[in-house]
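After this come two complexes, each holding subunit A, first together with subunit B and then together with subunit C.
On to the complex of A and B.
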């Protein structure tokens, strides 16, 4: 930075762009540009403009448009009604219910547990072992989820305005948690295996790539065949060891298992690849030093591998979670979201609503999906940067 | 003067030779591109000023519709002509997604005269308040396919009631002793076929989804009888327990592999069973076709299916598109589709056509069944109505909802879809 512009540091970038107001009249942006001598900060801003414009065009503009659309009535098969502004009506339909009743006993144990956790945090904060902010956030979450969502529950007469949304929401959460944990638990050993020095390492690495390279819809169709009740390989193998295979895709619970197994198969390779990259960046000498100190294999894994792998784990989990929240392809290819609505994720619901040409409501559902993704990303990012 | 005219004529000839109008026709993978392709090539040969090519989409009604939704929502004229399912014209008319065809006729009388050769069912679907939105490509109906060899072996005639069907299926299953042999197969997956599975039995019990005043009537004794029948197919063992994952084509494949005695399915299955199929067939020459059974004292009923040619209103070459449409809906094209793809003709004259009858003898016998096939709900909100029936039905087959719960859910869902 030139010696003549120390004030820029103090007064920040805002000043660089606003007309000079201080007693010292510094040259304006335009004049500096004309003279071919912009300050470093000014130059930085100018160079950012194209990127910011592209980002605004391809990211913020579509998001804003979907948000705006979600506040409008728009059904293509009702062109006579036009596209009136209806405010939050779609969100009311999505999140509210009619004649809802409090069901005190519903999931009471879990709810008490959540509130006990919040109380514990307040107690901890008062004693200085927990942070006030954490206690506050947890209390709000516990009130919203455990108090309202789990307790304000349709009784005999009442029902959610859109029970289908809550079903899709729960299915999406279930698939997200199960398949992310699953793909991590399978992906980590795969990465460790692919990192072992051996003649067959190339084979393991290719095997890692194959599921990742396959189109998801194809994976779904393939596994639907494997899980077929009468002709499928899975039940044939189970039958050989004397187990009567379940009706995988024709009953709700087995279908969730089948879908999660398929998703884990298709995605643990991705987790494995990212973790493998992380493993290779760990300095060999750390292990050597640990071995000199007499650390066992397990100790080396817990004390060196896992902590140093944390950034890679975080990256793998973020990407995996975000794709899991948007799950559409595999459950759709397997059962079109059935049996019943057992595999109907939010992604499938958005798609079905779009196909019913109710674009306004589909936009509102897409916003819900977006908010979920955003919330999870923020949580992860906080976790990654927590110790920085 | 004469020279000028000759010049203009020559110019017109040259420009028509140079400026070929390109047209794109969209069909699904299930609509036999191998048969439609040569048809279009023939058209191009006869009409040097037009080059019609085709694009193949997904292989189910739902997937094809999803693609067209994207094209039409973005007002793209990239496709000029498309095939739509018989359940769609009402929605296309409401959304302005199909070009009205009345303009291509000199008068309304001329249009009605042209439509005279078509079967009434498909025309009823395409002619909405006097406006014609599409021309039938072929029609369809569900039939009862049965294994003629097995029925002969046990000296059975094709069943006319559901009870007879059950008795025959049970007898054959027990006598054959093959654990993989299914007595009765139908569609229970979460898709379009399941709507017909429900409606056909409901109709054959004397019920309907709606009464004469337009009230939804899905919680009725007739509907309960329908659900009781399907419960019975599962309880008696004539139907496999994984019926909730049985899609239309999966049904067809299982019958073709020789694993099914009775099956409900559309007309296309016939050509597959005769060997015109990507899969092997073990049932060639052993298949019989009959009208659907009914409950004692009621009439048999079947769902109308089939596909319609429509013109994209955003197309820039509508006049050329109309010529292709006329060609594709012509008796010659429909004959080709009937002979090579066992697509059921939408034109009356073809039911006496020797070439058609040689390829699919049952078309002649079941003319009455085809003509009397009944429509699924006709509404611009068909997708919502369809979802409101297919979800509870699929959940019922997956044993998530009991019969009464499923019917109540259907009643509520269909009312909500139509109450607008």
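On to the complex of A and C.
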């Protein structure tokens, strides 16, 4: 501390206490609010309070609860067991199955090798060959793999996984890939057509908005009628061109495709609308310049339209993928997830598990769904920002 | 604008494509309407008929006879309109803050709000069910119980929220939350379009900032509010899963849930169901016919900036 410090501090104190200087202080939050003239940041924060409250109460709090709940056993039809904490057992059951046992001797050779590897890493880190942080991370990974995974093996029933979860997972994946690709293949031509100036533009707009605005459940019900085996219009039209229509909704393979077609119908209009907005924001002069240079229609599409449409495509892709992962309404309305479990998506599985009152496991499944959406969002966002 | 001189083949292709687009968009609904005008016997005939041979309105009578469909419509209307009003109010405040005011972390806040729209509604199902069933209020309930134990016996031992299942609130609350992110996004982008000079002029004239908000900004932002309102309304009218789970009493069902109740264990009364669908989507079709441009503007504002 320098010699002048006490003097300075004294003056600072006097400044803070003197009545003359307090008049120069900016009025506080309360005074500004009372006078009806808050600063912009203050007003903004106050205006955001209701939205923050709603989101906190109805979004964040429930999600925290689901996370917590998934670590507990709770079956409302077995009230005697209460709600004990069971750790990650639900996730273990989901990914590896419920009849698993943990055994030290299982795959002992491999586990010894993993331990030797971890020891080697630490030796290397001590000698300065490897970095400490790398060594730490890999040791944790090796111990987890060696300790948890390699110790597990099928129990009495010899079952490796929750077959129903993996069935739901693969169906969700199939529907996601097929319907996202399908809705882009249909949505892009829709957008290109809707972008053409014509007298019938209002009709085009309506045709794009109807699929978007229809309740998804009712779309499912409607298409179940269109795909009806004996009296459906789809099989009638197929019959007219000489194809025998399949039993759409009571066989596993056609049911998946019927559901995919329905989902594509319901969502391609939304993709079309987003892409249409992207098309309309493209500068007209770019096309004129390309025309002067003698570019063909196809060349213009590849060189101008598609690259400039990229942000819109990314947005539509994110929204579509997220809604596809959560697919529930349409397969539920068409076949209740049947025939058998051919249309049981993750969403339907969660809902069925909830209805069978196994709330703990339903929460774990919901978390799995949530993690999948989060992972895809992050992946896409990184991709978009990397493009920038 | 984009009207280059197309060749004849191109023009034919465009006309054909447009026709295909219109048929694709409207055919299922038109088919439902046609189905609803046929009688039950005509429906199970093979080969199927396209145009109804004898138009009958019997199915529409059936819709209202078998189940209280008018009540379903009323429930849906009450829930959707309330959710729309509440959500627009909250989103307008937030949108104004994020779109017009100089706030720190503005973009981050907007991104955060929009990101919440990516939460699956399915995840909310169980915790919201518990919450609406009635639960201890966190923080408050333990405090009250503590005071009770200390000897203040006039205090209750816990504070429970009311049971909201089978009330309108059980749907209004989650619908507000589910539409809030997209509504905020739409309104934020609309507020950004309003010129700042308008507000500064009012401030110079001696308005306070709050007065300026209500007297100058509110009237100008009406189109944006209408757009957001329509989209919230459509979202709320169409929601199925939460309505199915939370409101299980017959008299509290909404339209999408109610329509799925017409099917029996084995029989599908397609004529009645299609008539019910036709009636149930009438409000949506009316909205589309009236506000098509606004809806598209709102959807794309929500989409392109997200």
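Keep this in mind: the second predicted complex is superposed on the first by the 265 of 388 C-alpha atoms of A that agree within 3 Å, B and C clash if a C-alpha of one lies under 4 Å from a C-alpha of the other, contacts with A are read in each partner's own complex, and residues count from 1 in each chain.
As a convention for this text, a contact is a pair of C-beta atoms (placed from the backbone, for glycine too) under 8 Å apart; a residue touches a chain by one contact, two chains touch by 3 or more.
Computed from a predicted structure; not experimentally measured.
Asker: Given the superposition on subunit A, are subunit B and subunit C in a clash or a fit?
Answerer: Pair status: clash.
Asker: Go through the superposed model and pick first if A:309 touches only subunit B, second if only subunit C, both, or neither.
Answerer: A:309 contacts neither subunit B nor subunit C.
Asker: Taking the superposition as given, does A:281 touch the first partner, subunit B, the second, subunit C, both, or neither?
Answerer: second
Asker: Looking at the overlay, what does A:347 touch: subunit B (first), subunit C (second), both, or neither?
Answerer: The second partner, subunit C, only.
Asker: Of the partners subunit B and subunit C, which touch A:212 in the superposed model: first, second, both, neither?
Answerer: second
Asker: State whether A:76 touches subunit B only (first), subunit C only (second), both chains, or neither.
Answerer: first
Asker: Can A:121 be said to touch subunit B (first), subunit C (second), both, or neither?
Answerer: Neither partner.
Asker: Have a look at where A:230 lands relative to subunit B and subunit C in the superposition and call it first, second, both or neither.
Answerer: Both partners, subunit B and subunit C.
Asker: If you count the residues of subunit A that each partner touches, which comes out higher, subunit B or subunit C?
Answerer: C
Asker: Touching A:339 in the superposition: subunit B (first), subunit C (second), both, neither?
Answerer: first
Asker: Run through 73-81, 235-243 or 361-369 for subunit B and report the one that clashes with subunit C in the overlay.
Answerer: Answer for the clashing stretch of subunit B: 73-81.
Asker: Where on subunit A do subunit B and subunit C both make contact?
Answerer: On subunit A, the overlap between the subunit B and subunit C contacts is residues 224, 228, 230, 351, 354, 359.
Asker: If we count contacts the way the header does, which residues on subunit C are in touch with subunit A in the complex?
Answerer: Subunit C residues touching subunit A: 1-4, 14, 17-18, 21-22, 24-26, 28-29, 31-32, 35, 43-48, 50, 89-91, 93-94, 96-98, 101-104, 106, 109, 113, 115-116, 118-128, 130-131, 173-174, 176-177, 180, 184, 208-211, 234, 237-238, 240-241, 245, 255-257, 259-260, 268, 270, 273-274, 277, 280-281, 284-285, 287-289, 292-293, 295-296, 299-300, 303-304, 306.
Asker: Using the touch rule from the top, collect the residues of subunit A that touch subunit C in their complex.
Answerer: Within the complex, subunit A contacts subunit C at residues 35-38, 40-41, 43-45, 47-48, 50-51, 54-55, 57-63, 65-66, 69, 189-190, 193-198, 200, 202-219, 221-226, 228, 230-233, 236, 239, 265, 269-270, 273-274, 276-278, 281, 284, 287, 291, 311-312, 315-316, 318-319, 322, 325-326, 328-329, 333, 347, 350-351, 354, 359, 362-363, 366-367, 369-370, 373-374, 377.
Asker: Can you list the residues on subunit A that touch subunit B in the complex?
Answerer: Result: residues 76-79, 224, 228-230, 247, 249-252, 335-342, 351-352, 354-357, 359 of subunit A touch subunit B.
Asker: Show me the residue ranges of subunit B that touch subunit A in the complex, using the header's touch definition.
Answerer: Touching subunit A: residues 62, 65-66, 69, 73, 91, 94-96, 180, 189-191, 240-245, 254, 380-381, 383-384, 387, 391-392, 394-395, 397-401, 420 of subunit B.
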